[in-house]
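Below are the structure tokens for one structure; questions will follow.
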Amino acid sequence: MGSGSGLGVLFRITTFGESHGPGLGVVIDGCPPRIPVDAALVQRELDRRRPGQSTLTSPRKETDRVEILSGVNGGVALGTPIAMLIRNEDARSKDYAQIARAYRPSHADFTYDAKYGVRAVAGGGRASARETAGRVAAGAIAQQILAHHGIEIVAWVDEVCGIGATVDGATVTRAAVDTHDVRCPDDAAAAQMTERIERARKDGDSVGGVVRAVARGVPAGWGEPVFDKLDADLAKAMMSIPAVKGVEIGSGFAGTLMTGSQHNDLFVPRPGGGIRTATNHSGGIQGGISNGEPVTVRVAFKPTATIMRAQESVDREGNVATLEPRGRHDPCVLPRAVPIVEAMLALVLVDHFLRQQARG
Amino acid sequence: MGSGSGLGVLFRITTFGESHGPGLGVVIDGCPPRIPVDAALVQRELDRRRPGQSTLTSPRKETDRVEILSGVNGGVALGTPIAMLIRNEDARSKDYAQIARAYRPSHADFTYDAKYGVRAVAGGGRASARETAGRVAAGAIAQQILAHHGIEIVAWVDEVCGIGATVDGATVTRAAVDTHDVRCPDDAAAAQMTERIERARKDGDSVGGVVRAVARGVPAGWGEPVFDKLDADLAKAMMSIPAVKGVEIGSGFAGTLMTGSQHNDLFVPRPGGGIRTATNHSGGIQGGISNGEPVTVRVAFKPTATIMRAQESVDREGNVATLEPRGRHDPCVLPRAVPIVEAMLALVLVDHFLRQQARG
Amino acid sequence: MGSGSGLGVLFRITTFGESHGPGLGVVIDGCPPRIPVDAALVQRELDRRRPGQSTLTSPRKETDRVEILSGVNGGVALGTPIAMLIRNEDARSKDYAQIARAYRPSHADFTYDAKYGVRAVAGGGRASARETAGRVAAGAIAQQILAHHGIEIVAWVDEVCGIGATVDGATVTRAAVDTHDVRCPDDAAAAQMTERIERARKDGDSVGGVVRAVARGVPAGWGEPVFDKLDADLAKAMMSIPAVKGVEIGSGFAGTLMTGSQHNDLFVPRPGGGIRTATNHSGGIQGGISNGEPVTVRVAFKPTATIMRAQESVDREGNVATLEPRGRHDPCVLPRAVPIVEAMLALVLVDHFLRQQARG
Amino acid sequence: MGSGSGLGVLFRITTFGESHGPGLGVVIDGCPPRIPVDAALVQRELDRRRPGQSTLTSPRKETDRVEILSGVNGGVALGTPIAMLIRNEDARSKDYAQIARAYRPSHADFTYDAKYGVRAVAGGGRASARETAGRVAAGAIAQQILAHHGIEIVAWVDEVCGIGATVDGATVTRAAVDTHDVRCPDDAAAAQMTERIERARKDGDSVGGVVRAVARGVPAGWGEPVFDKLDADLAKAMMSIPAVKGVEIGSGFAGTLMTGSQHNDLFVPRPGGGIRTATNHSGGIQGGISNGEPVTVRVAFKPTATIMRAQESVDREGNVATLEPRGRHDPCVLPRAVPIVEAMLALVLVDHFLRQQARG
């Protein structure tokens, strides 16, 4: 647990794999037994993540076929580790020859060299966004468990380079999100975002943005203060996604512009019994514990580091070198990030579900 | 580790204590041996955190005297667990009588009841910001270790309710920060912030804001992809502080407004050898690993939930009840949050320092 | 979790303290809420562990008064960390002057120096058996939880220097065990053991032996293959007790003398429904999971390293030196080890109880 | 980490796989970078573990070809997770039809059903000894790291059903161990053991015994008191091997027959500088920390549960049923257990090596 490729306490995932080695995948330790595990459903999420789905994202053809190696028998989880493997196909290491020489700006080439003293040069190695395939596969199973308990997760592209969408988190559906390639359910905003991304492609440049996610149906009581608070674990999970630079829960940074009397979520009786809050600036989490309202999170993605422009850099020996643009690029990762954010949200929630359930 | 009161792998802290029980504190497991541990230095940080330092913050008189119970002999760490205890003094449970009845809005009263089915009613119990005293004590020792390796941590109040400061993270000192009670080193902004906070006090209301922090001198190579990335662990640590709703590393949400060609931090030769980046939108972290540039983080604090106004709420049985303002309140926690943010930054860094050092 | 002073995943304890510093104790993170926590009950177990209970054990007077610092309110657990503190009283550091010079044979003086490069010289520091007070305090609470679920734990001295007892693990009670100072419920064996220990005392020598323990009422299904098997975690917990050199589950080493047809525990219908085994060579654990039969464990304690005889040794600089006997000694730790073994058994069981309960 | 399929803190392994699913394997998280990783060497250890090596062990033909999926590039470790996969070939699920009906005595059929409520019926599923292939693969890499630091691990069959060997742990080599199929380097004892095992086979019965292991060259200072003591972690690792019922460090249970004056390991100057002990009853570990002497451990294996005799049992519904012998059996697992014990010893040592190295 000291080396960073594992996440979760009771529903614990360990991912493995470089972008251009034999394969990559994930092991889930702690999936509750007797849960139906449907490989097709895992595949469906992987298909939403992989490149080449539309002209908006990288044209690489990765078929990303998942194989379940263990932990499932007759369509149900055994309670033992579920290992899932995705073979790499599109190696094309020739494109990466110059990467070996000069550090790509705002990639992890330099830091991996600094840390490990060695690096899988082809394709970004372990730092490649391709690593998230294992997360998405595990997250698909986590979502199956949560769905069984009435919890629904939806994420969407909320902003692209400042172009914001208007979306009602209480009602938005995944089907609505997937209507547009850009994965924004607000038609007008989707059109603008698409145009902005296309312009970035033509410019050989890239853009970032914000993915917003909501989990509806989370009961009150999940989260483990004072460090493994639900919001703290969500912040970690989201920040661990490649290219993420910011995370907000509920009102986030905008909440700092309000006064306490404006921001406080007043408790009111819930029609039919129980208690709820009149507003949800808390994002469904108070004191690090879910309060029964929708859990809401916003995740900031920087513009993709890979651009189709010549950039000055330095090689391993400290010599200045020019990196010429080569290969293909993804002018905006946001649409593909949607299923990744959903997966991370699901993985954190299912772990906390089990942790709370342990209390009996 | 499943119950949430521990943080870190090799420099692991466990905090304990409610705000109104016999006492609270922290156990550090994994402090490197032979480090000088100075109780006075720990006390100094606790003094920066405690209420009653100025008119800006809560007038409660908590002397917060720390006692080191173990792990230190002759002024140096033994390498064994360092337990530190702070006795509670200012119980005043009478002020909290009505809390027992109705849930305070945007506090953790309701969620603790939902989670544990029982609650230390007086003073917020475990959810009280007073719990952070243990973090600050442990962080003081972490900072001593980091200082020994040339790492310097400074945090300051960067924004209060939209009033922003202009501060150069490369040069700002802790002395400059502590010049003003509001802990903002920009004189003009400090004056405005102070005025805004005083106004909130008079209104019986509260305000939030942003604390920014920088760690200078962090070498390249710290952080454990893919989940325990340095930025991911920082996000978790910061989000676990009471009242925090957002975290940014480097460019954060503002970075989503830039294009890749603007945002990429170009590598350039470092004068005197080595390599550095021309800009630092990455906030000193690339691919989850420090790159040798200053590590920068921004933390959003919501306005304090406790206000001096009557608020509608609901009690445990679901009856509507009015909470009358009572006791004292802290119209803005930001100044006291500065040492807490510094502590959390130090705790994450020292853990990653040891984890990287394990690689030999 | 990398520094070794914590145990357990969901019921996690962290002990702290040296034998001659200000104090020692334990923090429990993960005690289920609403469990009655009775300080008197904790004290009772500590009294069974402390020295000076009889002429058989060390005459040191340690009153070992426990103070509960947090996590308990109105006699019930809050679900938050329970910190317990025991102040040190009997420092007597003058007796330990020569320890500072030469390494005591088969103590941890040398290895602590080798590991940490510094050592709390007085009284064995962290390696002192006194550290187990924290375990016993935590174990008392664990036993309260288990008792609530119908689980009963009894340990006794089963062998002293080859003198064996005949005890029926299915029926032995703690009251019967505590009848004799030597904590062996077999009267005849107890008399012989007592005599053997007294002889060792007169010889200025020491003796070891075996503690056996049984947990009755453990339901089938506890234990987490393949590494956190119930027997594996018990082996670790027992081997972590000072002076332990061997652990057996069920038939243990004697089982290696049987054939499979003799050793196999045949399943038979349980009167009244269900299933049980006709014999219990498995010690209540099969495949690392409890099977509903009594969990049985045997723990070998070496003869105490402290003896009242001159011994040759070497000091820190490598010079030969003679250690003269001084102070007092415990010719046999077995009677005091009984509550420690019970505590460790309870701590492992309660953690696995919660882990299995998380499966729902 | 709460679900039991992971081991280690900094060199952490997670195994996965059932005996009759698509495959099984292991992920190592935390292998130090730049270590040469030789797949052939991993395969060699797997070949020593697999069945069918001699007439003494199960005639099943498992080729157990390992594939390294990640974490290695150009023959060296990248520092990222190393995933290794072994495909299952010899499913033969028809032999296991009756297992589905009645619980096999002293197997894990009943307890897996009790725990998970579902079970991979074919071949023992996750409880199969086949799971240890992943451990052996990971252990092979651990041994490569340790060898690089001058540490040598040798294990051998020390006893079979009471027939003991005389072996000098200070000098025995792995080549000597592998001379005989029974993996006992004492020729006379090996002959007797072989005969005893052959007799068990003819009887349709099975025998158990003891594997002893030594690690030479371990420096002083490894082990993390008070719970992750080196001996405690070894006890856990060994007890987690299928069929193990007892573990001894150094003198073990025999040490309880000695007095302190006999058992104490006196310190003496080490020729050429430093310090060592005149005897090694401590098994190279004092106070839970290695002392520079050979680390010695003895592991008791019960007789194999699978025998070729009819046995009475009970099925899932509680009906009495007779299990008829079928298929093949392994009359004695000890020879194949030798590389497993070596692997577990190596895995614990390498983790503690890294943990101590983190102290700088």
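Going in written order, the chains are labelled A, B, C and D, and every chain counts its residues from 1.
Everything below uses one rule, namely that a contact is a pair of C-beta atoms (placed from the backbone, for glycine too) under 8 Å apart; a residue touches a chain by one contact, two chains touch by 3 or more.
All figures in this text were calculated on a predicted structure; none of them were measured in a lab.
Looking across C-D, B-C or B-D, the pair that copies the A-B interface, with over half of its contact pairs the same by residue number, is C-D.
Of the two chain pairs shown, A-D and C-D, the one joined by more C-beta contacts is C-D.
The mean-CA centres of chain A and chain C are about 46 angstrom from one another, to the nearest whole unit.
Averaged C-alpha coordinates put the centre of chain A at 39 Å from the centre of chain D.
Chain C and chain D have Cα centroids lying 26 Å from one another. Each of residues 1-6, 9-10, 15, 33, 79-80, 115-116, 126, 225, 354-355, 358-359 in chain C touches at least two other chains.
Residue ranges on chain A touching chain C, taken from their complex, read 1-2, 9-10, 32-33, 79-80, 225, 354-355, 357-360.
Per the touch definition, chain B reaches chain C in the complex via residues 1-6, 9-12, 14-18, 21-25, 27, 29-30, 33-34, 67-73, 76-83, 85, 115-120, 125-126, 354. Partner chain B is touched in their complex by these residues of chain A: 1-7, 9-10, 15, 103, 105-108, 110-112, 114-116, 126-127, 131, 159, 161-162, 200, 203, 205-210, 220-229, 231-240, 242, 244-253, 255-269, 273-275, 277, 281-283, 285-292, 300-307, 309, 311-314, 318, 320, 355-356, 358-359.
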